[in-house]
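What follows is chain A paired twice: with chain B in the first complex and chain C in the second.
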Partner chain A sequence: MFDAVAKNISYLLGGYWITVKLTMFALAGGISLGILVGLGRISRKKWVYYPVTFYVNLIRNIPLILVIFWFYFVMPIIVGSPMDPFPSAVISFIIFEATYFGEILRAGYQSVSKGQIDAGYSTGLTYIQTTRYILIPIALRRMLPSMITQSIVTYQDTCLAFVIGLPEFVRRTTIVDNLEVRSIQLFGFVAILFLITCYISSAVSRRFEVKRERGY
Partner chain B sequence: MIEIRDVSKWYGHFQVLTKINEEVKQGQTVVVCGPSGSGKSTLLRCINGLEPFQKGEIIVDGVSVGDPSTNLYKLRTEIGMVFQRFELYPHMTALQNITLAPMKVRNKSKKEAEDKAMELLRRVGIPEKVHEYPANLSGGQQQRVAIARSLAMEPKIMMFDEPTSALDPEMIKEVLDVMVDLSKGGMTMIVVTHEMGFAREVADEIIFMDEGKIIERGTDISFFKNPKNPRTKDFLDKILL
Partner chain C sequence: MGIAYNFDWGVLWRQPYGVWLLKGVWLTIQLGLLGWFIALALGIFIGTIRISRWRWLRFLGTAYVEVFRNIPFLVQLFFWYYAGPMLFGQTLQFRINAIIGLNYYVAIVALGLYTASRVAEHVRAGFGSIARDQYQAALSTGLTEVQMYRYVIIPYALRIIIPPLTTEFLTIFKNSSIAMTIGVAEATFMSYKIDSETFHGLEATTGAMAIYLILGLAVVKLMGILESRFRIAGLVGRK
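Coming up: the complex of A and B.
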């Protein structure tokens, strides 16, 4: 049933490992840069707000595959030397995902009522205390489901890095398929692995959604 | 306790407060009424420094609010504030809502803060709700927790910004009762409200604001019986039916 998979399992799982690594780097970088983007989007300083907003609107209106493509082919012209597919893919994903995570953070921040912040101040809490004990906990609870969803999307989207020749999970499966010609079982295996991992993640996400309905 | 002298405030070109003068002595309760947009809430928010004002002076317990060197955080520990929409912290239980500031600002121990919180919850009549989250409380209960939260800092002054406007009629009384008790207990209070029954019972002075100005003031009898300004008369007719 899974003979072609079994025969090439270490090669395929090696590809899956690259997918996982790419996801981890993309999320770590995307969320870190996303925090800065989110702060930029709520900044009252015009010279911060407008450039960041321009960046967010630009990237969010370009398909991810083009961002990956452009970065890979344009960077060597700017830097002067070609870049490996993996770091190139990581940077493209960070640039792309940061805009989405930034918007989630902005929305979470703006969902906290100004009145709750004022209530904190009116009891004598300082700016830092209000941020630490009221703003961040409330915003985080509201953002968490969207953050998890976006993380799952990022994980699935890493497949797109095949366009610049990165030998990740799907790319390696294609290579094996060209030799074995067992498309249904090979891509079935890919689908099952994604299905299981994504399902587990979204189950975690749903638990947070339920909590939120309780009034968090 | 509170002196407000010639305070004016603008949002851009729009003047929201015009030469406000008012004095609240220790233990007094002053009721502020007037149509929406007349600057009542803004005046309260200027008193505890949540909003700046451009002209005049506000002195609270000897401290100038407008002075840039004033530590507003410290000042606010002495001025409790209750909001129209309660503004409880949704991620904390009633108990945690009440103990947060005493523990973080006054550095009280958890035990000390919780004992005080329980005492306050008994005082506002809902000790059994101590471990409930705000989402599981009625509006009236939430507002009473909010009052307890302010009182936990043992403020010298309490300000109420339309504390019953967001409540169902049957819950208004339970909140007003708590406020009447406070006032009779000698708390210095400024209350923005249209509950004229409350004003009659406890107000030492009632002021009527319109378009950012105080256009009428009086002790209860004179205020209700013969308002001098036609705007006041018009307004009182509307709210008293």
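Coming up: the complex of A and C.
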């Protein structure tokens, strides 16, 4: 039944590995930048707050596919030479997902009580230390279920790197399909793999949601 | 800055490119609106059966939501477009593939099916926020279960979930850009096409970004009007 998949399995799984790598880079960069974006969104300094808010609202209203194209066109101008699809995709995913992680973390930061922050200051910690050791750890833990959900979305989003010719999972599947013309089993295989991995991850997320009830 | 790049914003209005973009926008609007009708109707239905008393109906609703949420939209689109016709057997397959503008219809249906799973989740959450006594009060006035949903619960739930539905409505326009991968010539497709003709993709995609921003603002405005028009005094809303 899955003969065309079995025949090309190493090629397809090679593409899946690129998808996984892209997801890892996008998450590492997106969450790191997202932590800063979230901080910018609660900043009282106007010159921080307004540019960050503009960036977040701009990116969140634009389709991801367009962001991917835009960076694919703009990077060669900045770097000065044509750029490979992979680094270009990584950059666009970091810029894009950081706005979503940033908004999740902003809600997390705002849920940390003023008393805890004041307690930090009163023990003699500086702003950076309070943020680093109190605000960010509490917010990250509290927002863990939403962060996992957004990570699953990121994982699903990465297949859009298809459009700039990155030979990831879906791109390789279409290449195989052009030769084999076994669309049902090939795309069925991709769908089932995504279904299983995403379902398991969201089950994990739900477990955290139950555990969250224990306070911090 | 690396290479010298001569900006040419004229690609946004010079012919034929300006008309291309406008045609693309019109197609984006069509995809979003038509997909939205399917998503809303199906999403309300599935959200309702997810809280039904019959276990197998609940199971069907949950299965639908899990399947459509956990597979990337791009994969779903490819599956319907490439594998979909094959599901009907060989004779029908060739007839279906001969339909002119097949990709356009597939994109609308796929968008609708995908977004329905997200709408269903909001509808379910909306039902959850309605107090138990509302259900009991409706039943005790002699309404049947179907009437209770039709005249009491769904009208309430829909009003409560207008803000999250606004987000989904915005998302369907953004997701419609993915239809370019099966050759639907919507706004993103057109900006890419302009790039392949003029090598000014940067300007073309920037123009497309502005288009999506304007479209988004229009949707937010429209949903705001809807929300205030259908407000029931005393019902908790955004304001």
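Convention: the second predicted complex is superposed on the first by the 186 of 216 C-alpha atoms of A that agree within 3 Å, B and C clash if a C-alpha of one lies under 4 Å from a C-alpha of the other, contacts with A are read in each partner's own complex, and residues count from 1 in each chain.
We adopt the following convention: a contact is a pair of C-beta atoms (placed from the backbone, for glycine too) under 8 Å apart; a residue touches a chain by one contact, two chains touch by 3 or more.
Worth saying up front: this structure is predicted, and the values here are computed from it rather than measured.
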**Request:** Report for A:I35: first if it touches chain B alone, second if chain C alone, otherwise both or neither.
**Result:** neither
**Message:** After the superposition on A, what does A:N61 contact: first (chain B), second (chain C), both or neither?
**Reply:** second
**Prompt:** Who does A:L13 touch here: chain B (first), chain C (second), both, or neither?
**Reply:** neither
**Message:** With both complexes overlaid on chain A, does A:P76 touch chain B (first), chain C (second), both or neither?
**Reply:** second
**Asked** On chain A, which partner touches more residues: chain B or chain C?
**Response** C
**Message:** Looking at A:T126, would you say it contacts chain B, chain C, both, or neither? Reply first, second, both or neither.
**Reply:** first
**Request:** Please indicate which partner A:I136 is in contact with in the superposed arrangement: first for chain B, second for chain C, both, or neither.
**Result:** neither
**Prompt:** Is A:V163 in contact with chain B, with chain C, with both, or with neither (first, second, both, neither)?
**Reply:** second
**Request:** Please name which positions on chain A make contact with chain B in the complex.
**Result:** 113, 115-116, 118-126, 129, 133-134, 137-138, 141, 214-216
**Asked** Which of the residues in chain C end up touching chain A in this complex?
**Response** 1-3, 5, 66-67, 69-76, 78-79, 82-83, 86-87, 170, 173-178, 180-181, 188, 191-192, 195, 201-202, 205-206, 208-209, 212-213, 216
**Item:** Touch list for chain B against partner chain A, complex
**Value:** 45, 48, 50, 73-74, 76-77, 79-81, 83, 85, 87-91, 100-101, 104-105, 133-136, 146, 149-150, 152-153
**Asked** Along chain A, where are the residues that touch chain C in the complex?
**Response** 58, 61-66, 69-70, 72-74, 76-81, 152, 156-157, 159-160, 162-163, 170, 173-174, 177, 183-184, 186-188, 190-191, 194-195, 198-199, 202
